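Two complexes are shown next, each including chain A; its partner changes from chain B in the first to chain C in the second.
Now for the complex of A and B:
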């Protein structure tokens, strides 16, 4: 663990990413101390204000403070991104590992199921599910997580197919290790790097998918702010062209967070690899 | 008394072992269109405390034989009697128990160690799996094992990539020894190593054999290495054993034309000695569609008519010198 941390710390970009990510998380948690405004309180006398002393990031078309909405929106966007990827990974890793390790009928079954999930139009399924269960943050997390498991599952299956023929797996079998031990102690740690990289990318795409769902009224219901529905609110042409402050703040927030997550993912991949030399 | 009766029986008895890898066509409605006959009915025994060398060229089924004996690959048919138990018929739990007695050392010291585990974890894993030692006791046992194979205790905290090929092979040997096995299948354990390191590892294997009373099935393609370490030697060609004899007898008086050709190819480190080399024509036939009769007849300098039609039996020509060839009277007699 100590070595792992030392290897991670050597990667400057990853450290910068981690620091920025922590700052975003803290600012989302401590949002009430950072801004005096209520993110949901409309003030029609201060609509569409450009950045000023009172409103550093300006206000939106209902006179709500953009800074406050960006800070509070981080709570929702970050947690939707992380939790949905957590759900997708836990389903995908287990199913992908089983498919790749055991092969045969189980493999066919799981992979055809993955194909069905892949080929089904994402929005139609998402609309149906949220129509049945009603739009809420939690349903958004579950929908995004459950619908995106085939990605990590396929990736992991390919890694398992490759790794299960190696001699060190044969050695573990010859020693009498049970399948669970071989799968999770011998193969999974060696399949970690591609999985980690794809997971970080998925956090990014989840944050964006949440935006799409919110726009349709099926994700995070207004007036609660998320970076996604703030961006979508800024979609009219006159806003895009004439009032850039409405989309700059949430846009940059998404951009920086996604970039930081990717850097952290890179750093984690290297830190997990014992072959990376320590000086 | 009872003990001697047990120890007189061979430790490992392989009878008519067959492994055919199916070749299938089609993705959804797949059907079998043929089979790679990697191991096609071989029989031999390995006695307690001895080393049986198994030689043959690439692709003749040596490695498959080793893995089928351990049931890392399921056999197609045949018996593998280890200490009287038929390995292919054991249940999963019985097999797990048996794995303590049978171990394997691999050819490639780079691929056979998990790159994400420390040496202590690799060598200690068998102890954990079989519940042989825990905590401090396991640590101590790992230190002992590293010591036995000539590594130092400070190596325990390192990862495999920090070692040389020879050192890694020692780690693999320590892992195999951890469960106190009776039989170790050495699958070309030195062919990936430098010549100077080969001798060290061979000597280590011999020392360990004396110290722990181990039995080896030593698979190799290097005839001089096999000569050095083995008590008896079996020669394989295209999924069959063609000759099996005491080491000295086999090297002094090879009876099968294939063995003769192999032995004539060993270089002698003396420029004044002129040796007649037997050069074999052609390539090894495909194991998917092996030649009829004797499998060697397509390349044999002494091939007769009978060789193309009738497969020679594997018979004892005296003093435990087995050979499968129509040239030899004992085999010929049986054929008539």
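Now for the complex of A and C:
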């Protein structure tokens, strides 16, 4: 593990990404200490104010402080990203492991199901399901998680196909270990590094998807702030043209966080790559 | 080749489409609420009126009956009638909107690949140069910036502040369709939709070329005394372009997903806008029709990508 950390640390972009990401996570957690304002409290006397000393990022059309909403919005956007990837991994890991380990009919069935999920445009299905079940934070997490399981499943299936022919698995089988134990105690830990890389990158795309859904009004519903639904409120052309402070802050927040996660993911991939040893 | 296409269509395409439409229809019917639930808000409404409306739309029957009927009609080319008051045929609605979405998607793919491939090649050719670092960085930016944020920035600068391009839409009623007009309306939506493709194609192209460049037959080419330019552009490039072709199949679904957002920002009158409207109205036939349409387009796209891969690379057999 030390070796990976040393290699990871050499990657300047990945380190910068990690630091920025930690800052964002901390500022979301400690939001109440960083701003005196309640993100959901309307103040009709202070509507549509440009950035000032009292409101560094200005206020929105209901007089809510944009900085407060951006900080608290980070809680929602980051947790939707993490939880949805958690859901997608739990489904994907189990199905991928089963498909790769047992092969045959079960494998065909699971992979055909994955094909079905791959064969439609993600966002169109996401808006369809979100609209029929009603947009909410939890529905957004579930929709994004359930629709993206084929990614980790395919990855893990490939790892299992590769690892199941190795000697240590043969040894475990010879000792009489049951399939469940071989799959999750012996093989899964060896597939950890590619899984971690793909999960990291998936958090980035999940945050983008949540923002996209919320931007269309079918993700996290107002008044709770999410970066995507803050941009949604700024869509009328007079807001877009005359009050850019309303959409610039959340937009930049999404961009910086996703960029940082992508840098970290890329750094992890390089750090785990055995070919890097040679250089 | 024809045998391969027929096998793909019958063994993969049709089962996947059946499974997909079955699951989607099931979701639509088990979800809380229904296309007539707004009627329950009307004061003093007679239950009989609601039941009559349900019967009219054919949603009073059990799921499996509804789905079988829908499927039976689809096989004969009939996608049903829209649930809204116009009751127009869904096929007509979709055909009306499809050209705009296809035009936008094709333009975005052309821009994404047209720029992404040469940039990726140059980036690999001059690996570790300043140019390479800048491109690598911008590729990260391109895949990380949310398309709607990028679209809003373009809209803000070019349409609202500089006022040089329209703020969305696609030809006003009665406007003559000139080539310049197409360009003006298409430019911002195409860039918004194509940006992430430029970035990811450039990244794939770069790593694909770098992988090929290290191989033995290129060492042979260099040993023969060929110049580095001929080695890279003539020998390596052909082989490096092959894996990029397969990428095409993967990118079509994401282009269509992106189109939904881009159409919504720029009021582009395509299928994406129709989809958003339909899901908000719970217009089942339109939702099913659009999803089916996209699934078919994606299947055809991946089939074309695989066939062109097999044509381009003689080592690949139709399996």
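Of note:
Quick note on the criterion: the second predicted complex is superposed on the first by the 195 of 279 C-alpha atoms of A that agree within 3 Å, B and C clash if a C-alpha of one lies under 4 Å from a C-alpha of the other, contacts with A are read in each partner's own complex, and residues count from 1 in each chain.
By our rule, a residue touches a chain if its C-beta (ideal position, glycine included) is under 8 Å from a C-beta of that chain, and two chains touch if they have at least 3 such contacts.
These numbers come from a predicted model, not from an experiment.
Once the two complexes are laid over each other on the shared chain, residue contacts for A:231 go to chain C alone; chain B is not touched. Looking at the shared chain after the overlay, A:208 reaches chain C, while chain B stays out of its contact range. Of the two partner chains placed around the shared chain by superposition, chain C is the only one that A:118 touches, whereas chain B remains out of contact. Legend: residue contacts after superposition of the two complexes on their common chain; A:4 is shown touching neither chain B nor chain C. Applying the stated contact rule after C-alpha superposition, one finds that A:170 touches chain B and leaves chain C untouched.
When both complexes are overlaid on chain A, the residue A:30 reaches neither chain B nor chain C. Which of chain B and chain C touches more residues of chain A: that partner is C. By the document's definition of touching, neither partner reaches A:138: not chain B, not chain C. Contact residues of chain A toward chain B in the complex are 166-168, 170-178, 181, 186, 189-190, 272, 274-275.
Chain contact summary for the complex, chain A toward chain C: residues 13, 112-113, 115-116, 118-125, 127-134, 204, 208, 211-212, 215-216, 218, 231, 234-235, 237, 240-241, 244, 247, 251, 254-255, 258-259, 262-263, 266. If you check the complex, the residues on chain B that touch chain A are 67, 70, 72, 95-97, 99-100, 102-104, 106-108, 111-116, 125-126, 129-130, 159, 161, 172, 175, 179. By the touch criterion stated above, chain C contacts chain A in their complex at residues 12, 15-17, 19-20, 23-24, 27-28, 31-33, 137, 140-141, 143-149, 152-153, 155-156, 160-161, 167, 253-254, 256-258, 260-261, 264-265, 272, 275-276, 279-280, 282, 287, 290-291, 294-295, 298-299.
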